[in-house]
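Before anything else, here's the structure in question.
Letters A, B, C, D, E and F name the chains as they come in the text, with residue numbers starting at 1 for each one.
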Amino acid sequence: MASPIRISVETRLEVEDLLFAYADCLDHGDITEWANFFTDDCLYKLISKENWDLGLPLGTVLAEGKGGILDRIAAVTQTSVYHQRALTHLITNTRVLADAGGVIDVTANYAVLETLPNQYTKILNSGRYLDKLVRQGGTLKFQEKLCIFDSALVPASLIYPV
Amino acid sequence: MPSTSKNKASARKWPKEGVTRVPFWVYSDPEVYTREMDVIFGGATYNYVGLECEIPNPGDFRRSFIGDKAVVYVRDQDGAVNVVVNRCAHRGTKFCYQEHGNVSEFTCPYHQWTYDLKGDLIGVPFRRGVKNRGGMPKDFKLEDHGLDTLKVAARGGVIFASFDHSMPSFEDYLGPNMLSYFDRVFDGRGLKVLGYSRQRIRSNWKVKFENLKDPYHASLLHVFLVSFGLFRADTPSKTQMDSTGMHAVQVAQRGEQKDTEGTSEMHAMQADLTLQNPEMLQPYPEWASKGDATVVMQTIWPNLIVQQQSNTIAMRQIRTFSPEEYELHWTFFGYEDDDEEMTLRRLRQANLMGPAGYVSIDDSEVMESVQSGVSRFPDVAAVVEMGGRDTEDAPHMVTEVAIRAFYKHYRHVMGF
Amino acid sequence: MPSTSKNKASARKWPKEGVTRVPFWVYSDPEVYTREMDVIFGGATYNYVGLECEIPNPGDFRRSFIGDKAVVYVRDQDGAVNVVVNRCAHRGTKFCYQEHGNVSEFTCPYHQWTYDLKGDLIGVPFRRGVKNRGGMPKDFKLEDHGLDTLKVAARGGVIFASFDHSMPSFEDYLGPNMLSYFDRVFDGRGLKVLGYSRQRIRSNWKVKFENLKDPYHASLLHVFLVSFGLFRADTPSKTQMDSTGMHAVQVAQRGEQKDTEGTSEMHAMQADLTLQNPEMLQPYPEWASKGDATVVMQTIWPNLIVQQQSNTIAMRQIRTFSPEEYELHWTFFGYEDDDEEMTLRRLRQANLMGPAGYVSIDDSEVMESVQSGVSRFPDVAAVVEMGGRDTEDAPHMVTEVAIRAFYKHYRHVMGF
Amino acid sequence: MPSTSKNKASARKWPKEGVTRVPFWVYSDPEVYTREMDVIFGGATYNYVGLECEIPNPGDFRRSFIGDKAVVYVRDQDGAVNVVVNRCAHRGTKFCYQEHGNVSEFTCPYHQWTYDLKGDLIGVPFRRGVKNRGGMPKDFKLEDHGLDTLKVAARGGVIFASFDHSMPSFEDYLGPNMLSYFDRVFDGRGLKVLGYSRQRIRSNWKVKFENLKDPYHASLLHVFLVSFGLFRADTPSKTQMDSTGMHAVQVAQRGEQKDTEGTSEMHAMQADLTLQNPEMLQPYPEWASKGDATVVMQTIWPNLIVQQQSNTIAMRQIRTFSPEEYELHWTFFGYEDDDEEMTLRRLRQANLMGPAGYVSIDDSEVMESVQSGVSRFPDVAAVVEMGGRDTEDAPHMVTEVAIRAFYKHYRHVMGF
Amino acid sequence: MASPIRISVETRLEVEDLLFAYADCLDHGDITEWANFFTDDCLYKLISKENWDLGLPLGTVLAEGKGGILDRIAAVTQTSVYHQRALTHLITNTRVLADAGGVIDVTANYAVLETLPNQYTKILNSGRYLDKLVRQGGTLKFQEKLCIFDSALVPASLIYPV
Amino acid sequence: MASPIRISVETRLEVEDLLFAYADCLDHGDITEWANFFTDDCLYKLISKENWDLGLPLGTVLAEGKGGILDRIAAVTQTSVYHQRALTHLITNTRVLADAGGVIDVTANYAVLETLPNQYTKILNSGRYLDKLVRQGGTLKFQEKLCIFDSALVPASLIYPV
C-alpha cells in the first residue's frame, strides 16, 4: 500500500490546474496551443496497455520534443480528413507521487468522452497518465506525458491527442 | 405484400456491366456475409494468423481469428506450428482464455478435457467414472474428439492457415509474382514485433480491401502522403495482380515535395507543408537491392495486407463480425538485426499508420463514410472504371484495376 | 418445424376488423420496415427536409434525411433550393462531412469527384490520366454520373423533397384544407431558427404519428396541459384529415384552469397547480385574425409534425433507423419580425417541448412503453375505436379517428 | 447463389446420434429462439414468476417476466394471486411503471384505461364522450378488452404462471419425485426475501440450464466448491429427472477437504486452501430431517432453478431477450422464523453465489465462453455422453444424463 | 494556454463543496431542495453544444429566477409521467477562473450516468458547467449555471436537471 | 441543502490520497495489498441500490473484518476462473461529511470502467461510496466501506472489488 510523499497543498493544486487547463485546451480551446503545455525536450506517448504490459515500444502516437508536438498539430489541423467531434476529458484520481530534483511525478486516471454528430456520447479512450512536470518560467510544463489506454481496440480513430 | 429487396441474397443479381460495377448489397446483406464466412474465410483460402517470432518456443501460443472464427496458433514440441479452432470438442467452450502464453497442453476450463498441442484429445476426466460410477461409454474414442485443426503454411516467418485441408501450397496460392513481393519483406531474416494496434471500423470488410487495392485515392485523399511525395500518381509505380485477381500489389517510388506536371489535379498537395521533426520521414533504403520501390502494399486474399511504406512495416489482419463492421489488427514489426536507430526510425514512421496515423485517419474516416453512404441503398452500385474496364496489370496507379480483379474473383467464388 | 410468426412480413394479414385494429407486427417486423422505406419514404411522398431560412445564401447547405437516407439541401446560385442524396456517384461515400456550411461545389473526399450545386458531376481527377497513363474510359460521360437528386417543393419557407420525380404539386398533395392550416403558420413572413432539439426514442416511428393524431390522450396523460387548460377535451376543438387520411390536424382553444362538466373524467387535472413564473404560459394571440384556435398540431405524411402550441412553434422531423427506434428532430423557430419579448416568450414556452418538455416527457416515456408492450406480441392488435369506427372529420377531440385514417392510407400504400 | 446454413431454422435437422449431440444452431438461430418463445415459454409450461411473500397484502404487486414477455403479479382483494401481461388492451402500452407497489386498480398512463386486479377492464375515460361528442361505439363491451391473464399455480409460497389455461395442476406438472424435492425447501413456512441479484450473460438461455443439469463440471471447474467439499463427485450424490426429462435435481452431500480416491482426477482440488473466516462455510443442518443431502439444485422447466447449497437458498429466474443473451434474476431468501444468526449465515454463504460469487463467477465466465465458442459454428454439435447415452436417473454425479433428458423433451416440444 | 488566477485554497474547496452538494441533491437527495442552491435572480440553462456553438438561444431547459427553478421542480414532481431512474453525477476538472467583484467564475466537466430499471448504466449527458457563484449569508449560491452538453441527441428524455 | 462541516484542508487531501491509492491498488497494483487499506474489524459491502433502497440486507459482496477481505482476495486470486481485464476507477465528488470522535465520514461517487480483451471499454459499475475512516499508526484506513451501485443488472460478473 502506497504511503504518499507529503506534497505541499499549493503544488497539488497547481498540478491539477495544469491538467485541467490542458484538458480544456483539447476540449474547448485551440488545439494549436497544445504545444505550450510541453517543454522543448518533451516526450509525449500514447500507448495501449497491451503494448505497455508486453514491454513493446510501439505508441499509437509518439511525439519527440516540441517539434513532434507541433508536427502532430499540423497534421491534425492541416492534413487529416475527418468529421467534427466534441470531446470531454474526465480527469480524476490525481496523485502527486514525488516532487524531487525539480521534477514532479504525477499520475491520474482519465476518460475521454467523444460525441460525433448525431450520435450518442461514448467512451473513446480511458486509462491513466504518467507525467513528469517541471517548472519553467514560473509555470509547470510536461517534460514527459505517457497516456496508457485501457482498450487496445480503438473505435475507428484517435484524431486528437488524449 | 410483394417481397422487398433487402435481405434476399439468394435472389441477388450482379449488374449487367460486370466488374465495373459493385452492387451495394455486397456490403450490407447478412446472407451475403454468412456465405462469405462459409466459402471465403471458411473455404479454400490461406488466412494470415500470426508471426512465427511471436511463438518462438515449444508451447508458446497466441490467439487469433479467421474471419469471425477464433483460432489458436501454437508452437509444437517438434518446432512446427499448429493452428486449432478455439472451441472445445466436448460442448463447444472457447477454451483458451489467455491472449498468449506457454502451455504443455490445452485444458478446457469447463470439464478439463485436455488436448495436446496438435489438438488431439488426450484426457477426459472421469472417463472411467468415479468409484465405479458414471464415466464415458466404453466405445468412446479419444481420437474421434480432437479439436478442429487447420492446414498450416508458414513462409518467411509468417503463418497462414486454411479450413480446407486440400489446399495447394502457399507458394502456388500466391503465384510467382506475388510470391516475389512477399519474399521481398520476408527474406528469411528473423522478425521482431514492435507492437500492436487495433481498430474497429464500421464498414464492410471488403471496403478495406478496396481501399488498399485503390492507388487512385492515395494521390487525392492523403494530404500528408501527397505533400511529402510518399505515394503519388506522378512517380514511377505499378499495380499488379496474380492470375486470379485475388491478390495484388501497389508499388511506388517516393517523389519530391514539389509540383510537377502530374500534381496539377492533386488539390491535396501542399507544397509548403513542413515538418519540425523531418527525421520522421527520412527513409533508410533497406530494400534498395531489390529495386527502386519505396512503398509496396500487398493484399493477400482474404484477410491480409502487408504494409511496407518507407521503413514502417506491418501486417494488417482483417477480422470480421457482421456485414457492417470489421476490425483491423496491426502487427508492427522490424527485423531481429535492426539496430536501435532503425527501430526508432520504424517507431517514428509508425505515426503515419494505425488509429492515429497521419495517413490512416483519412482512410478510417472515409471507409466509414462509404458504409454510411451505401448501407441504405442496396440496389445502387459503385462505378469502377478508372484505368479502364479490364483486369490486367497496369504500369501506373491511375487505376482501379485491382478492385475489378478482386470482384472478378469474388463473383467466381461466391457464385454471383 | 413449422414456421413461426415473427419476421414473415410477406405473410402478414391485417385483422378482419380493418382500421379499428392495428396489428402489432407493424411496429417490429424488419421486412415491414424495409418496405416502408421503399414505398413510403422512398416513394410518392413529400418529406420535410428543412427551412429556407437555414440556407439564405447561394452555396449554403445543411444535411438532413428522409426516412433513413441522408440528403443535403443547398441553395443554388440562382436562389433555388436543390436536394441531393449524400452519396457519391463513384463508390458511394457519404461525401458531405459538415452538418452545414457554404460551398461553391461539393467534393467527395475519397477521390475528389466534384459536383455542382445541382448535383451534376463536373470534375473527375485524372479523368484523362496522369502523364498519359490511366484515366477514365474515353466514353465515360460526366452527365451519366451525377448525384441522385430529389424533386423539391418549397412553400412558405419550408422545403420538402421527394424521391419520386412524378409527384403532383405540394399544394395538391396537401389538399385545400390542410394547406390552409399550413399557410396559417407559414404566411409568407421570414422565419428565424431559435434552436434545435434532438431525441432518440425506442419506438417505431408510427407510434409518434399516432401520438400526434390522438387528441384523446392529451386530456388524460398530460397533467400540465390539462391543468392549465392548454389542450383539453372540454374546450372547442376539432380533428380533420385530408381526403386520403394521410395528413391531419388537431385544432383546439385554450380552456381555463377550473373543473368543468367535461373535466370530471380527467384525473390528471390539478385545479390547484400554480406556477411561480406564470408569464411562461401567457399566450400572445398572434393568429387571432385566423380564428380562435390556440393550438394547431398538423401531421404531414410521412415525416413531419408542425407544432403550434400557444406561441411555441416548431417543426418535428421524424428520422428512422430500424423498426424499433426513431429520432425526433425539432427545429424551434419564430418570425424574422419578432421583437425581443416575443422571442423570449417562445423560448420560455419551449419548456413545454423537447427532451425536457413538461408535456413531451410524458409522450416520450409513453411511446417507449408502447413499444415495450407491443414488441414481443406481433400477433396482438391495438383497439382504435374512440370516436367510432369511421375515418371522417370530427368536430371534437374525443376520438382516434385520425389514427384510423392514417392506417387506411398506410394499408393502401403498403398493400396490406 | 445457393442458400447458406444460418438463419434457416425450418430446415434444421438434429444430428442422427440423437440426444448425445446438441447441434450448435439451437444456441444462435433467431427462428429457433422465436419458436421457443412461442411453444415453450408461451406454451404448456409453468413459469416461475415470484414469491407470495413479496406481495403479502391485497393490491401488492411486482413486475416479472416469462421468457421475454413482461407480466405483473398481484395480490387480489380476496387474497388470491393474479398474473397479467403488462400490456394495455387499448393500444399496447406497458402500463405498469413501478417495479413493485400497492394499487387498488391498474391504470394505463396513456389514456387511463383502468383494470381491476383480475385484469378486467373497468373504466374507459370518455367512453360516453365529452359533452355529447365522441366516445366509444355503443356496442363496445368492457368485458371484451381485459388484460391478457395467465393461469396461476402457487405452492409453498411460490408463484408460477402459464399462458396456457388448459394446463394440468402444478403438482402433476412436476410429478411426485420432483414435487418432493420442491416441498423440501418450500415446506409451508413463511419465506422472507433477503435481496436480489441480477446478471446479464451473453449466452443462450439453454446454456444456463445445461450448466445446472451438469454435475460433471462442478467437480472440475469450481476450485472453491471442490476444495472445501461443497459439491464433489466422490461424495454420495444422485441425478434425477421427472418422467418427461424437463425437470431435474442434483443432490449431494458435503465431503471433506482432503484427497480421496475420487479426487485424483480433480486438478482443481486445493487441499491446502484455507479461509480466514471459516464460519462462512459452517453449515447448519436445517434439512437434516429430510435426508443427508446438503445440496439440492433443482431445475424446473423452463425458467427456474431452485438453489439450496448449504444454507444459501435462492430462486434463479431466467429471462430471455435474444438467442445469444439472457438474464439471471436471483431472489435470495430465508424463512420467516430464521433468527439473526441464521440470516447472517445465509448472507455470508451468499458470497458463493451471484455476480461476485466464489462459485458463480466460474459459471458466468464459462457460459459466455460456450456461446463464444458455438456462435459461429451452427453446424457443429456438442458431445453429451458422460454417464452413458441414456436418459435415466443416475445414483451419482459423474454424468450428463440430465442434459440428455432435457434435450429429449426439448426436441419433443420444438418438433426437431 | 490559460494562466489561472491564483484563487485561495479555501475558495477552491468551497466551490467544490457546492458543486458536490448540488450533485448529491440531484443524485441521492430531495429534488425539492434543488432550488436552495440558487439565488433569487438566478439563471439556469441547459443547452446543447450544437445550439451554443451556433449562437442559437434555445435551451433544453430554461429557468429564470428561483421561480423558474421551482416551476421545474413542480413539473417534475407533480405533473410528469416517467419511470424511476438512478443518477450519478461525475464532476471533474473543476477550475475557478476568477474571483472578482463578488462573483466567482467556475467551470467544470461533468458526466451524468443514468440507470433505468433492469438496464445497464449509460452516459445520459455530458459536457461542462459554466457557473457564476455569489456569496449569500455565508454560503455560495449559483447566480448563473450554464450546462452545455456534448450530444444534441438525447436518449429519450432529460427528466431531472443536470 | 447540506451545510458541510468545515474540515481541515489536510484531512480532505489525505482522504483523497487514501481513495486514490485504494483505486490504484485495484487498477494497477497488486490486489493482495487490498487488505492493507482496511482495519482488522472492518466491514466491506458491495450492495445494489435496489437492495439498499428496499432495506434488504443482501450484498453482492460481504466481507467482515480483514479475514473476510483476505478470503475474497484468496478466492479471486486462487480459485476463480475468468478472463483478464483492465479496470479504471473514476472517483469524483469526494465529500468529507464529518470528522468527529476519531471517525471520518466520507462519501464519493465512482465509476469503474472495465475493458475485456479485444472489446471496448464499458461502464462496469457506478454508484457511491459511503465510507468510515479511522487513523491507525498515522495512516487512514477504512473501518467501513459501503459501495452502493446504481444498476442491479451486472454485466456477467463483478470479479474484482469496487
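Here is the rule we go by: a residue touches a chain if its C-beta (ideal position, glycine included) is under 8 Å from a C-beta of that chain, and two chains touch if they have at least 3 such contacts.
The structure presented is a predicted model; accordingly, all values stated were derived computationally and were not measured.
Judged by contacting C-beta pairs, the busier of the interfaces A-C and A-E is A-E. With every chain reduced to the mean of its CA atoms, the largest distance from chain C is reached by F. Both chain C and chain D derive from one sequence, and where they touch, under half of the residue numbers involved are common to the two copies. Of all chains, the one whose Cα centroid sits at the greatest distance from that of chain E is B. Checking A-C, C-E or B-F against D-F, more than half of the residue-numbered contact pairs recur only at C-E. With centres taken as mean Cα positions, chain D sits 48 Å from chain A. If you average the CA atoms of chain D and of chain E, the two centres end up 43 Å from each other.
Counting partners per residue, chain F has 9, 81-83, 90, 92, 118, 120, 123, 152-153, 155 as the residues that reach two or more other chains.
Counting only residues that touch two or more partner chains, chain C has 97, 109, 198, 200, 221, 327, 362, 365-366. Of all possible chain pairs, the ones that touch are A-B, A-C, A-E, A-F, B-C, B-D, B-F, C-D, C-E, D-E, D-F, E-F. Partner chain E is touched in their complex by these residues of chain A: 9-10, 13, 17, 19-21, 23-25, 27-29, 33, 36-37, 86, 88-92, 113, 115, 118-123, 139.
Against chain D, in their complex, chain F makes its touches with residues 46-48, 50-51, 54, 56-62, 64-68, 70-72, 74-75, 78-83, 152-159. Contact residues of chain F toward chain B in the complex are 81-84, 117-118, 120. The touching residues of chain E, counted against chain A in their complex, run 1-4, 9, 12, 49, 90, 92-95, 107, 109, 111, 123, 125-128, 150-153, 155. Those residues of chain C whose C-beta lies close enough to touch chain A in the complex are 97-99, 109, 198, 200, 327.
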